[in-house]
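Supplied in structure tokens, the structure appears directly below.
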Amino acid sequence: MRMDISTKVGKLHLKNPVMPASGTWGYGEEYLDFVVPEELGAVVVKGTTIEPREGNAPPRLAETPAGLLNCVGLQNVGLEKFIKEKLPVLKERKAFVIVNIAGNTVDDYRKISSALKDEKPVSAIEVNISCPNVKEGGISFGVNPDSAARVIKAVRKECPKPVIAKLTPNVSDIVSIAKACLDAGADAVTLINTLKGIAIDTANQKPLLPNITGGLSGPAIKPVALAMVYEVKKATGAAIIGVGGIESFEDALEFIMAGASAVQIGTANFYNPNVMPEIIKGFEEYFIKNGIKSMEELIGAAVL
Amino acid sequence: MRMDISTKVGKLHLKNPVMPASGTWGYGEEYLDFVVPEELGAVVVKGTTIEPREGNAPPRLAETPAGLLNCVGLQNVGLEKFIKEKLPVLKERKAFVIVNIAGNTVDDYRKISSALKDEKPVSAIEVNISCPNVKEGGISFGVNPDSAARVIKAVRKECPKPVIAKLTPNVSDIVSIAKACLDAGADAVTLINTLKGIAIDTANQKPLLPNITGGLSGPAIKPVALAMVYEVKKATGAAIIGVGGIESFEDALEFIMAGASAVQIGTANFYNPNVMPEIIKGFEEYFIKNGIKSMEELIGAAVL
Amino acid sequence: MNYHDERQKNKIFFGFREVIEIKEISLNTYILEVSLSPELAGSAPGQFVYIMPKVQKRILLPRPLCIVDVDKNSLKMIFKVKGRGTGYLAEVRKGENLSLMGPLGKGFETITAPSVLVGGGLGVSPLYLLAKKLNSEFGDKGVKAIIGFKNKAEAFYVEKFGSLMSNVLVCSDDGSLGEKGNVVEILEKNFNGEKVVYACGPRPMLKAVSVFTLGKDAKLFVSLEERMGCGMGACLGCVAKIKTENGEEYLRVCKEGPVFDGHKVVY
Amino acid sequence: MNYHDERQKNKIFFGFREVIEIKEISLNTYILEVSLSPELAGSAPGQFVYIMPKVQKRILLPRPLCIVDVDKNSLKMIFKVKGRGTGYLAEVRKGENLSLMGPLGKGFETITAPSVLVGGGLGVSPLYLLAKKLNSEFGDKGVKAIIGFKNKAEAFYVEKFGSLMSNVLVCSDDGSLGEKGNVVEILEKNFNGEKVVYACGPRPMLKAVSVFTLGKDAKLFVSLEERMGCGMGACLGCVAKIKTENGEEYLRVCKEGPVFDGHKVVY
């Protein structure tokens, strides 16, 4: 018997709550040996900008205790190539596509949403106002409720598809940012992007990454992500996609109970390419074992 | 040959750069089987408040990947008993004592500094405006430059001893908080206190800690702490005590090169009670091997 | 007191010990025997060791385990596989080295006789060394043991108690071993006005023993469990609420405990 | 192309393989031999595997290692202990299971003969399987190998190359083994107008080989190293700057590489 582990994230209905985190699963083509995009709740593609970007100079990665620092810097093929080359493949596969978008200015976000609004295979837009690895835009929008709202409003106005705001944890008060985005028309929020971090190369007396700072992901950040999911759920009741350090079904369940309606898996794909199917199976088994009828019973169950 | 690994933190001259982090080493009495307080650069005692505090209900701890969540909630013997019972022991031992203080109101901080100003064995005051586990005061002062400055000013005015502001990482802009504290008269800043986190007890569908949130410490947070040390050093040049996830000499060296003049060790004491002497020895050996004459050569060496 | 004494390196051991034996002795429950050190040789009943599972995948802190027995050459612990830490611990093999720290905490006081030991489930384990001590101090007649398990599959050390002392009552929740019933019921039926009761097991059991012994004018000592950080009294992570002269206070299970006056614990 | 094919489970292996042998073959350098799988059996010269040290204290990501040899039953890698990951890897023992993924990346193309292989230090290791393949495709005369090490203590596989092919030039920086000098000097002295050069080693060495071969009108293939995240082309963590029709682009070492046209790499 196949269990119904479908879930709703705002207006989105997903067949299961598991999807890759943007930037960690390319365009769904890279992991075909292990996972086919159409078996996932959704596929969130690499952060996409209007123009192609070359990204930051290598080395771009540094391992830390139970964590990973990256400063990829939004290297991506650009909007045009994405629509021409990447999207058709995902469409053919009938994948449920969420496009993560980024820009330097509010107008960039507006333009890219406008270009995506008529692309049928795109089911939703995830607005990245939280990238710590680019000079302009990115995170700077996400640390302030007003600028966050401005970006979301622009996207909202342009594009009738569901809009999800992806927020940075590098803030004093995540609730106020989430509220601003919801008030500006976001259907849901994705929590969290990476934490700002540094590693020092002591042998050469300099930061290990040429970009100096990187974004911290992986199991290390799980408690921080859970806290933000919990607090935003409690304060707003919003639909949330939880992300940060998930590497097992148990972890995913923590996020669902803390208030997430779906989860994204990032870094764990790198050391266990089967992790997403494993989590999907975990939900099915858990539903059977505990007689759960609907994901609704679990979402936010631990929020007091 | 004994190397000179002494260091200066603002006006403080320490014989070595290694000290325990407040709240992780009690009053220096608990670890006597392994370390005597007088061999350390300083001893930072448990956060002290005017009245004794009973702290939060247990369980107070939860392990996370390479991290530890705690919600002790400033349980401490109170100012009077600290001065009467704990301080004399440290004085006899000629330990270099830094008292970590906390309060609900600015006036609390003022009163406690006033009471400590004439206590000879107290070498400096570390002002905790960053405790995430208490209802009032604590972290709320530390997330805003103005309130942070108010606390530091009050302490500064009251007490001629060196004042160190201990800051929380749960902020959008650590530099602005550090600047406000320095402008208000702090001699140095300690970076960082714990990150806010949550763990979910999925079997019982509730947060694992009765306090719901806890403070995340341990190796997991090291990259975040390093980033804050680096950025504050670069922006202000201030004297910094670095803390967060240090568990080896190598880690301590990363902090020194990122701009810290001294380091504190917290969680690592719990799984390796010898960690502080090991780090001190690590510095001595490194100085010999690399012909280092003074800690000054290393402090901030990686700051570009 | 002279505070300038050298570092007191002699009371607590910290370092590696060799695994002498590791064996499953009942359902998911293992006995672990490690080589001794002078400090560990001095372990008292009720004390514990802080032990680091060797394969440390995502494990940060050591795990506390009671001392079950200590003899000329070795120290024994019994543990049940609960999560990752104990899971990895079950994978250590004879001859490997294991990092541990101990003995820690304040153990049982053996003040007077006669006494009853009451152990439920894993709570049985710290009572064995205690029984040995009571037996040697007050003789076989001075001590009685009541040990209970969920069922026969989960039982351990029943024969060991049997060969140590004559007065052993065994029970199980489902009657598959010894008398059917829990240890509190067996205590109530078999209490003979003993002066001291020593209990270890789940909180509700300890509470019931406390209620019963209060009415009988017997002293009660219980051993508590709490999640630990340092195991050394420094972090205040492991507290339990205890009645003291100051009212009710959070005391440290690793330092003032794990053994407390059972009538002072706020259950 | 039919996108609705079943998951393409057949090209990359991911799971546990048994350690057949692990041995120190030169200073801090180990050979690791693991059991085969059908996917691994198809490994091409220049490809790599992504291998997870078994004891994962604070280790998150797998470590990339080149494939040195693959025969009927086993796959061989050679690694040097650099940090924690390779340190733990050196502790695995025969009979244990090791988690790994592979073969990954795009290997060397064996397009034409004659060719020269130039390997410096650990860079020697991927050239062995390549030499085998060139030898079988173009015969012993079609291929020459120049392998160099810091000194004799660090050298490995010298005899293996010797028994595989007749044309092997060995050198070391200090002259303790073979000719004194680095591989680039030896290449310059011994270049005979070969059509292809295959090189692996430190960046400055690759750059020097590139400069030399450009002047000689020989094709050059080099194998690059970068820190990796996914090993699968998904994270864009492992890029190197390469000249393409679009100018200069960051290409993925794990996917478009690790072997690149040596004259297109921006050193």
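Which chain is which? They are A, B, C and D, in the order written, and residues in each are numbered from 1.
The rule we apply is simple: contacts are C-beta pairs under 8 Å (C-beta built on N, C-alpha and C of every residue); 3 or more make two chains touch, one makes a residue touch a chain.
All of these numbers come straight from a predicted model, not from anything done at the bench.
Enquirer: Mind listing the chains that sit against chain C and also against chain D?
Expert: For chain C paired with chain D, there are no chains in contact with each.
Enquirer: Would you mind checking which chain's C-alpha centre is most distant from the centre of chain A?
Expert: With centres defined by C-alpha atoms, farthest from chain A sits C.
Enquirer: Quick one: report the Å distance separating chain B from chain C, using the average Cα coordinate of each chain.
Expert: Each chain reduced to its C-alpha mean, chain B and chain C end up 35 Å apart.
Enquirer: Hey, how far is the Cα centre of chain A from the one of chain B, in Å?
Expert: 34
Enquirer: Could you work out how far the Cα centre of chain A sits from that of chain C, in whole Å?
Expert: Distance between chain centres, rounded to whole Å: 47 Å.
Enquirer: Specify, in ascending order, the residues of chain B that touch 2 or more different other chains.
Expert: Each of 64-67, 218-219 in chain B touches at least two other chains.
Enquirer: I need the residues of chain D touching at least two other chains; which ones are they?
Expert: 58
Enquirer: Mind pulling up the chain C residues that touch chain B in the complex?
Expert: It comes out as residues 3-4, 6-12, 14, 52, 58-62, 101, 226-241, 248-250, 255.
Enquirer: Considering the complex alone, what residue numbers of chain B touch chain A?
Expert: 64-67, 69, 143-144, 170-173, 195-202, 205-207, 212-214, 216, 218-224, 226-227, 230, 245, 250, 253-254, 257-258, 301-302, 304
Enquirer: Using the touch definition from the top, list the residues of chain A that touch chain D in their complex.
Expert: My answer: residues 23-26, 30-36, 46, 54-55, 57-68, 70, 72, 75, 89, 92-93, 218-219, 267, 269-271, 273-274.
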